[in-house]
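Look at the two complexes coming up: subunit A is in both, with subunit B in one and subunit C in the other.
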Partner chain A sequence: MGEAQRLFFLFLGALLIYNILLIRFIALCSFFGVSTRMTTSIGMGLAVIFVMTMASAVSWVVWNYVLVPLHVGEFLYIPAFILVIASLVQFEEMVIRKISPALFRAMGIYLPLITTNCAVLAAATESVKPGFLKLHIPYRFSFIESIIYTLGVALGYTIVIIMFTAIRERIEGAPIPSSFRGFPIAFIVAALMSLAFMGFAGLFGL
Partner chain B sequence: MNQVWHDFKSGIIAENPLLRLMIGLCSALAVSTRVEYGIFMGIAASFVLFSSNIIISAIRRWTADQIRIPIFITVIASFVTIVDLVMRAYFYPVYKVLGVWIPLIVVNCIILGRAEAFAYKHSIMRSAADGLGMGAGYTLVLLVMGFIRELSGTGKIILFGQTLVSLGAGFEPPSIMILFPGAFLTFGFLMALLNIVQSRGRS
Partner chain C sequence: MWIILKAALSMAGLGLGLGIILGIAHKKFAVEVDPNVEKILNVLPGANCGACGYAGCEGAAEAIAKGEAPVEACVAGGHEIAEQVAHILGKDVQRKRKPTVSLVHCKGGKSKVSHRYRYDGIPSCSMAQQVASGPLMCTYGCLGFGDCVRACPFGALSLDGNSIPQVDVDKCTGCGLCAKTCPKDIISLVPKDVPVIVFCNSKDKPRIKRNICTVSCIGCKACEKVCEVDAVVVQNNLAVVNYEKCNGCGKCVGKCPRDCLNFLELKA
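Right after this comes the complex of A and B.
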């Protein structure tokens, strides 16, 4: 298998087969919390793509050039990564506000919220410790692989949250039993979407 | 004392973090495939919640408002590291299954949420009670979901190597219940059930 092809499979695996929301249940709070209106979903998706890719890249560097040489990786990776994410979010908020006020308005309050979006910490952790994944890939990611992998995860998040929002907007006016209104029916919708995404397992024999 | 008891109790039903406040969902849905995992995850999260609530409440007078979030996160991350290392040392098989969910307790919205909304504003006693109550509410939902999913998905409940309940060989378990969609389905129906019970109670 060629290098480019392997990267492509890694990307697709993160995007569809191990979709972070529907198959791996990470970041569900934001998934159900912000998916009531299309504009907010798109803002959240953008913010996630942005922060997650940066956070994984920085975490990879911190892990490989700071924590591992000092032999403190196993003890300090949680506080180290979460501090990386928290400061990155602050930093990016300032940069985006300066460079693109329009993008800043689109992301709005979702940027600070991302600090506690577990998807970001999960992607950062997995970009250095892919052992949690059951993908058939080498144990340690190279820098390029960790970026590609994170991009797949982030795009998977964005695509699914946009699809889910579209369904929820339609379901608002549907005649459903009153006890199922709001969140319960959203969970049933998520169950059906998750069922559909399970069909991706076995794609390319991954 | 009455107040402390009330703080403890409200976490279990009235302000149940999962079913009412809708926070901390990810880990709950992911690890509720078996009752046993629910017990471990519940204890781990309750320990972190309880200890970080106490510490954050104890240092609240010396915590500057502008940098409180990094301080909360650091306190929480320290306790999560303790859980991470203890579980890896003594319960390795379970740790392997729970995997990424243990480090992810740091960003479990229940813990940061309670630190911000409760522990930062209340006394140590009340914060400890709140932490315990929230932890108990979380664990309770995990146990109920684990019970439903394990029983319907595998046909029996196995706890620490002992078979507790078995539906018999005639029952063909729909394995979808222990897979991903089963978690969403179970949780959706649990919420709807709670809605029905509450609207009955009101009328």
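Right after this comes the complex of A and C.
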């Protein structure tokens, strides 16, 4: 398998086959919380792509150059990554506010939400401790691999939340029994979408 | 013991490093915010109705602080808010805006107008309007799915038992979002002190109107004849009140044989 092909499969695996929302059920809070209007879900998706990629890049550096050399990574990675991600989001907020007020207005309110989002922490953790590959030998992502992998996770989040929002906006006007209105029908929709995404398992024999 | 020390030191070092970076960034990327913007924002209603033409109250506050918008830019706030904003900026209110209120010019509703077909689609006026102008015989009448109720950011509108929106005059700020939303253009903004309203919007022929709706204006001119100041005139088969002339004597109200001319306070 060539290098480019391997990276492509890694990306696709993170995007569809092990989709963070529908297959692994991480970050369901924001998935149901901000998926009522298309504009907000697109804003959230873009913010997640941005923050997640940056966060895993920084986490990779911290893991490989601070935690591993000191032999404290195995038990200290969660507090360390939370610290790094929280400061990174603060930093990004300041920079975006200075450089592009328009982008800040579009994305600004979602950035603080993402500070404590479990999807970002999960992606950062997995980019240094790949869990889903089910390998018997310990495997460590290179920097490029971790970026590609996180980009796949973040894009998977964005695509699914946009699809979900489109369905929810249509459902708003549908004749649904009153006891199913709102969250109950949203959960059913999410479950059906999850079933559909299970179909990606086995794609390319991965 | 050594590993605890190492863990504590590495976390402390990480925190210190990030703290210093954030501290420098805070100085370097500081954005100067006009203190007036926040003050104005606190005064504005905060409903983000968009009637001023800006993206929400924050956009309006920025524009007012910069001088791009007049101090009375907030439509919903009215004169009171304009005065407070003017006080913050040390300016004077230019012109006095008459307080307005939105009104639904229809009393028909589901029980009083006959239907052409049964509408089973999405419960929304704009959707029903696309299916041959809605299920009512009267193509001018209120469809009663409450698009205006959902559009109102102040909760001033509500559907009554007959599916006709009723305006809470105290809550209505006259922002006009409901009038923009209504696909039938039934809602209009009228001065808050207006005494008399015509509750019909149909420009159909009187004979047709009489057959399809029990509360339609049939253009009988009873109100026009009784009015002493010529404020009520029948145009296009429909009585229209000229609010600049009307003195609110109320003589026309009792004369209407179809019960579609009424006072605002009664709200029918």
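In this section, the second predicted complex is superposed on the first by the 199 of 206 C-alpha atoms of A that agree within 3 Å, B and C clash if a C-alpha of one lies under 4 Å from a C-alpha of the other, contacts with A are read in each partner's own complex, and residues count from 1 in each chain.
Criterion: a residue touches a chain if its C-beta (ideal position, glycine included) is under 8 Å from a C-beta of that chain, and two chains touch if they have at least 3 such contacts.
Keep in mind it's a predicted model, so treat the numbers as computed, not measured.
**Q** Since both structures carry subunit A, what do subunit B and subunit C do when superposed there: clash or fit?
**A** Superposition result for subunit B and subunit C: fit.
**Q** Have a look at where A:121 lands relative to subunit B and subunit C in the superposition and call it first, second, both or neither.
**A** A:121: touches subunit B, not subunit C.
**Q** Comparing subunit B against subunit C, which has contacts with more of the residues in subunit A?
**A** Higher number of touched subunit A residues: B.
**Q** With the two structures laid over each other on chain A, which partner does A:95 touch: subunit B (first), subunit C (second), both, or neither?
**A** After superposition on chain A, A:95 lies in contact with subunit C alone.
**Q** Quick check for you: in the superposed arrangement, does A:25 touch first (subunit B), second (subunit C), both or neither?
**A** So A:25 only meets subunit B here.
**Q** Give one of first, second, both or neither to describe whether A:62 is in contact with subunit B, with subunit C, with both, or with none.
**A** Touch status of A:62: second partner only.
**Q** In the overlaid three-chain picture, which partner chain does A:6 touch, first (subunit B) or second (subunit C), both, or neither?
**A** In the superposition, A:6 contacts neither subunit B nor subunit C.
**Q** Output check: A:192 vs subunit B and subunit C. Expected answer is one of first, second, both, neither. What do you get?
**A** The answer is first: A:192 touches subunit B but not subunit C.
**Q** For the superposed arrangement, I'd like the angle with vertex at the C-alpha centre of subunit A and ends at subunit B and subunit C, nearest 10 degrees.
**A** 90
**Q** Between subunit B (first) and subunit C (second), which, if any, makes contact with A:83: first, second, both or neither?
**A** both
**Q** Looking at subunit B versus subunit C in the superposed three-chain picture, what is their shortest Cα distance in Å?
**A** 10
**Q** Which parts of subunit A are touched by subunit B and by subunit C alike?
**A** Looking at subunit A, the two contact sets intersect at 75-76, 79, 83.
**Q** Which residues of subunit B touch subunit A once you look at their complex with the stated criterion?
**A** On the subunit B side, the touching residues are 22-27, 29-30, 69-70, 73-74, 77-78, 80-81, 84-85, 99-100, 103-104, 106-109, 112, 176, 179-185, 187-189, 191-193, 195-196, 199.
**Q** Name, in rising order, each residue of subunit C that touches subunit A in their complex.
**A** 3, 6-7, 10-11, 14-15, 18-19, 21-22, 25-26, 29-31, 120, 122-124, 127
**Q** Considering only the defined contacts, which subunit A positions touch subunit C in the complex?
**A** 62, 66-67, 70-72, 75-76, 79-80, 83-84, 87, 90-91, 94-95, 97-98, 173-175
**Q** Can you check the complex and tell me which residues of subunit A touch subunit B?
**A** Touch residues, subunit A against subunit B: 22-29, 32-33, 75-79, 82-83, 86, 115-118, 120-122, 125-126, 132, 177-180, 183-188, 190-192, 194-195, 197-198.
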